[in-house]
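The structures come next, written out as structure tokens.
What follows is a pair of complexes built around chain A, which joins chain B in one and chain C in the other.
Here is the complex of A and B:
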């Protein structure tokens, strides 16, 4: 008989992380033209080789893969084919009159009034360009006439690229090994790892299984906050997400008593001096931050070269 | 033993620093159209599809294979996405190879791409680090790549001059490559005097950042003849990993690449790689990587890579030309690069490389990988 292991989830503090990134997205010709035409309050669609009309415009037919043949102006009326409510907004799939596809947008009405097959009409938001949100949403329009697809002789030039950004929030679970390691850093200002399955040197970060022997790791061990550089480079470039102003040294350091490397920074005044004097084998010491520790590797502010 | 697998059609985009005329999906479409035409096929002839790209954060589109499937007319076909950092294209090709070798597909389309002009590169790459352990100190892959190179300088003699020679050679070769966009000859002095980014890595040790896509059609041996009389047969292919935080990890040789090479060489009957291979294509995200690969692939013993490049043996007219296409120095759409290298090597053994056909090339070696040393693979292609 199968019996569940006697482990129960515990609610533990998490580690908050944010990944925040800027982008310049390229919509391509069809979507770029659709977006460019938003300021003219026109909904641009594509006529496909098989006669289908698709709006918003797409470069290729999703049904047979053939490229679009020409742009058309889709009507601003259509019908609801599906809907739901999200955060108080009604989001529906809408099929514009004469088109073969559906696309999602807001319905500007109460949920109780929305029905599958209901007629709708686009409502525009003044002042919004280059976004499908120039259409504020669709309003119920039971008496709206069935619109027709019209040929488009001239269209705006497609938008080449659009700014965009994403900020993603995470709550990472530490797990028992990382949890203890960071508790020890926070509470006692010491870096602890676990011994490998068959030797005394500590694995950092600590873990349950030894990577080399694939056997359970040993007991906990405090490492020194001094160590030796295995590899390092001098960072001169600036980039998005950087936490220290260049130049500085990126170093992979083996703490005394450990068998694996940790990554950290060494501040430098002089690049030429660092090239000559900081390299594999250089001895370094951790400089801890002043004040209350947070329980992360950033509680070590930096490493500095030991004058020996 | 499963079916023999051959590359029977290839296609790539003209890579560029920035393609604002096509979306990510439109870029893929260009490469797919070219590969299908080259293989004398239509989408209907394809049994399965592999889409390979770098991290989702590069382009801010989750599940991009769905967008791609729409744009290439792949509705209803079996499709999987493979991602593996810089080795994504190669890993995708390997996934396709398994499908054909295992008999699950007769013909598989592998398309790989990245559109790197759209997002912040080093920051996206830095998210490959453990969020608890190292990410706040990460410098993309450039920080640790430079650190390991620095360590190799002392022990293996991978000097700044030797790496500069790699950059000079590959940039020179790129000039004739119709798909490359970085086409400028440089000298060793230019490289040495270029702006340090993560010393010892300097600006001219680094390839361009590119938008690009590449596609290949894999076929079993029976169906291959319908596409070409001269396919490129995959004699062996492997991709291995190592644990990033493991003890005993060497910074000197790429262990996963050495393991992959051993497996692939045994399968392909390679005992003397330097003598047997006619041409080699490697993925060199920075010039210093190529030196490391010479040694990890057994083209020379450890510690002799600098001599090998200085001797001219890896030049276009040397006895073991490496990156006649120009490698990543001509164009570097990261997720696509593994497939680009396969295309360049395949067209060599097919006898129809567009820019730098090595005379009578029969046997080619391809290397690709992601991270500095974490994921590495190679393949042997034969006429």
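Here is the complex of A and C:
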């Protein structure tokens, strides 16, 4: 057994985080047209240079990479070519009549009735636009006539972009080093790091390996909650992810007794004052939050300039 | 033209666990990067470059490698991230050394899927207009593949369960994988449905862990403190992004990757003594065995259990290489004999879209 992390584990809960980003997706011409036509309950396909009909529409052929030549209207009937069930939903590959490709969609029926080769037809969901889910799914239609691909002279203008969002949830482990650091902040209101492999100054956050020497770090050490700004920027505009309302100073602070920079904030009322009085070399002190500490860097509310 | 010689001289791996709850990524990475030099005669100072594999989506931070550089031993060194399974990081590293630009490289792959929702990781990989909204993802692809495979090959779900149970037992016996309750075939069949006809235990189990590997050029390998394992062939291939567009009963990109590696090595998969395969499901692994023409009676296939009992997503393929190195170097720990050839495989993408194969020799 190669070594596991060598420090004693701490019984820490995980740290919950969410990344939730807004996107504007660009479907391009084929998918944009397909999605635009959903409100008309038409399934738009592509005729490829080699004569294949592909639905839903694609800009380029998956088999030879050639661009599509023109849009067509695919029939709303076809057959199941494969299926599975995930989380109770039947997902099948469907080949629409007259098309050469298959695509995944939902089957709205009992599993016992679903067979490879079974005939199906599209069932629409009223009120849904700009989404493939305007087709609610496919239902079994044993008697459905074989549909034909039709020419499509006029199509809706392709949707240029679609708003989209994805939220990702995390439960991060603290690990032994961050775990103790946050325990110390919560329990005692002190910032502790570990000494570097060959000097007395502390690394913050603490870690098992000294980055520079790649040797094991030294013993734990309490740093002061005063320090010196070594880099800073006056933030005067708003952007996504901010925790403070501008203006404020983003500062990289070396706490007394540490060798690494801690990122924190300095509140300011006056940008002009900050320009003149806050910069590399300015001495600062931590202002801790009132009340119970949570075990987080946010237990230090902010830093303030020490008037000397 | 045959590959220039690049050797693996050190490997390290944490135990693979469903949840490494008391360790951060950097804790796991630090552990393997510290260990990988043991017995090699090399130190971090000898390392010319570091290449690491991990996933920003699984890690929950962008460019997550930037936060891990110290643990990676990459301070003031050339470092690159490969957002793919670690076997592609190894491929990149081997090519850097073959080019003559460097002589010692450190390859690291890590994974903590326990911190995130693996479903989201897979969903993020599928096309967002036609596929993601209807719920098509990794599990659906595996289910569809399995259903077609069983129908075509006349095999039963019980065959799948017995295969999975065998792999779990092998992992418990031979690999550094945390297994509390060893499932038998009945337990595999009785586990909850994942994607019909596959149950949860017929899918690979995501685990946390980190892997490191030290690779060097031939001249450096001559002064290594232990037996070098040479990488003599590499191949990789990619298939259509849309699973529905692929040949359902083949893994075309694996076939191409294996052929490419065989051309360089001068021998093909069926001539290997040891084979370590990656697959996200039992059927994926069965297909890989078929496509490579493997005879499980002749070659030791996935003696480590493979990816089914332990899939450290993004590190799985590199883990296969580490297992093969161990089996080549220390045959006395296994069935004895004198194995000289191993074939290792990594895969990534929904429904095994991309595949990479390497041949290792002692």
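Structure notes:
To be clear about the criterion, the second predicted complex is superposed on the first by the 296 of 308 C-alpha atoms of A that agree within 3 Å, B and C clash if a C-alpha of one lies under 4 Å from a C-alpha of the other, contacts with A are read in each partner's own complex, and residues count from 1 in each chain.
Keep in mind that, in the parts below, contacts are C-beta pairs under 8 Å (C-beta built on N, C-alpha and C of every residue); 3 or more make two chains touch, one makes a residue touch a chain.
From a predicted model like this one, the values you see are computed outputs, not experimental measurements.
Looking at the shared chain after the overlay, A:211 reaches both chain B and chain C.
By the touch criterion defined above, A:83 reaches chain C but does not reach chain B.
By the touch criterion defined above, A:127 reaches neither chain B nor chain C. In the superposition on chain A, A:62 makes contact with both chain B and chain C. When the two structures are aligned on the shared chain, A:93 is found in touch with chain C, with no touch to chain B. Contacts of A:31 after superposition: both chain B and chain C are touched.
Once the two complexes are laid over each other on the shared chain, residue contacts for A:172 go to chain B and to chain C alike.
Once the two complexes are laid over each other on the shared chain, residue contacts for A:111 go to chain C alone; chain B is not touched.
Of the two partner chains, chain B is the only one touched by A:237; chain C is not. Residues 17, 19, 25, 27, 31, 62-63, 164, 166, 170, 172, 174, 178, 207, 211-212 of chain A lie at the contact with chain B in one complex and at the contact with chain C in the other. Taken together, the chain C residues at the contact with chain A in this complex read 12-15, 20-24, 26-28, 30-35, 44, 57, 60, 69-71, 73, 75-76, 112, 114-117, 120, 124, 128-131, 133-137, 139-140, 142-144, 146-148, 151, 176, 193-197, 240, 242-245, 248. Taken in their complex, chain A has these residues touching chain B: 15, 17, 19, 21-29, 31, 58-66, 158, 160-161, 164, 166, 170, 172, 174, 178, 182, 196, 201, 203-205, 207, 211-212, 230-237, 239-243, 250-252, 259-265, 271, 275, 279-280, 296-298. Of all the residues in chain A, the ones that touch chain C in their complex are 1-6, 9-10, 12, 14, 17, 19, 25, 27, 31, 34-35, 56, 62-63, 82-87, 89, 91, 93, 101-106, 111, 116, 131-133, 162, 164, 166, 168-179, 207-212, 214, 216.
By the touch criterion given at the top, residues 18-26, 29, 43, 57, 59-60, 70-75, 115, 117-120, 122-124, 126-127, 129-140, 142-151, 154, 195-201, 243, 245-249, 251 of chain B touch chain A in their complex.
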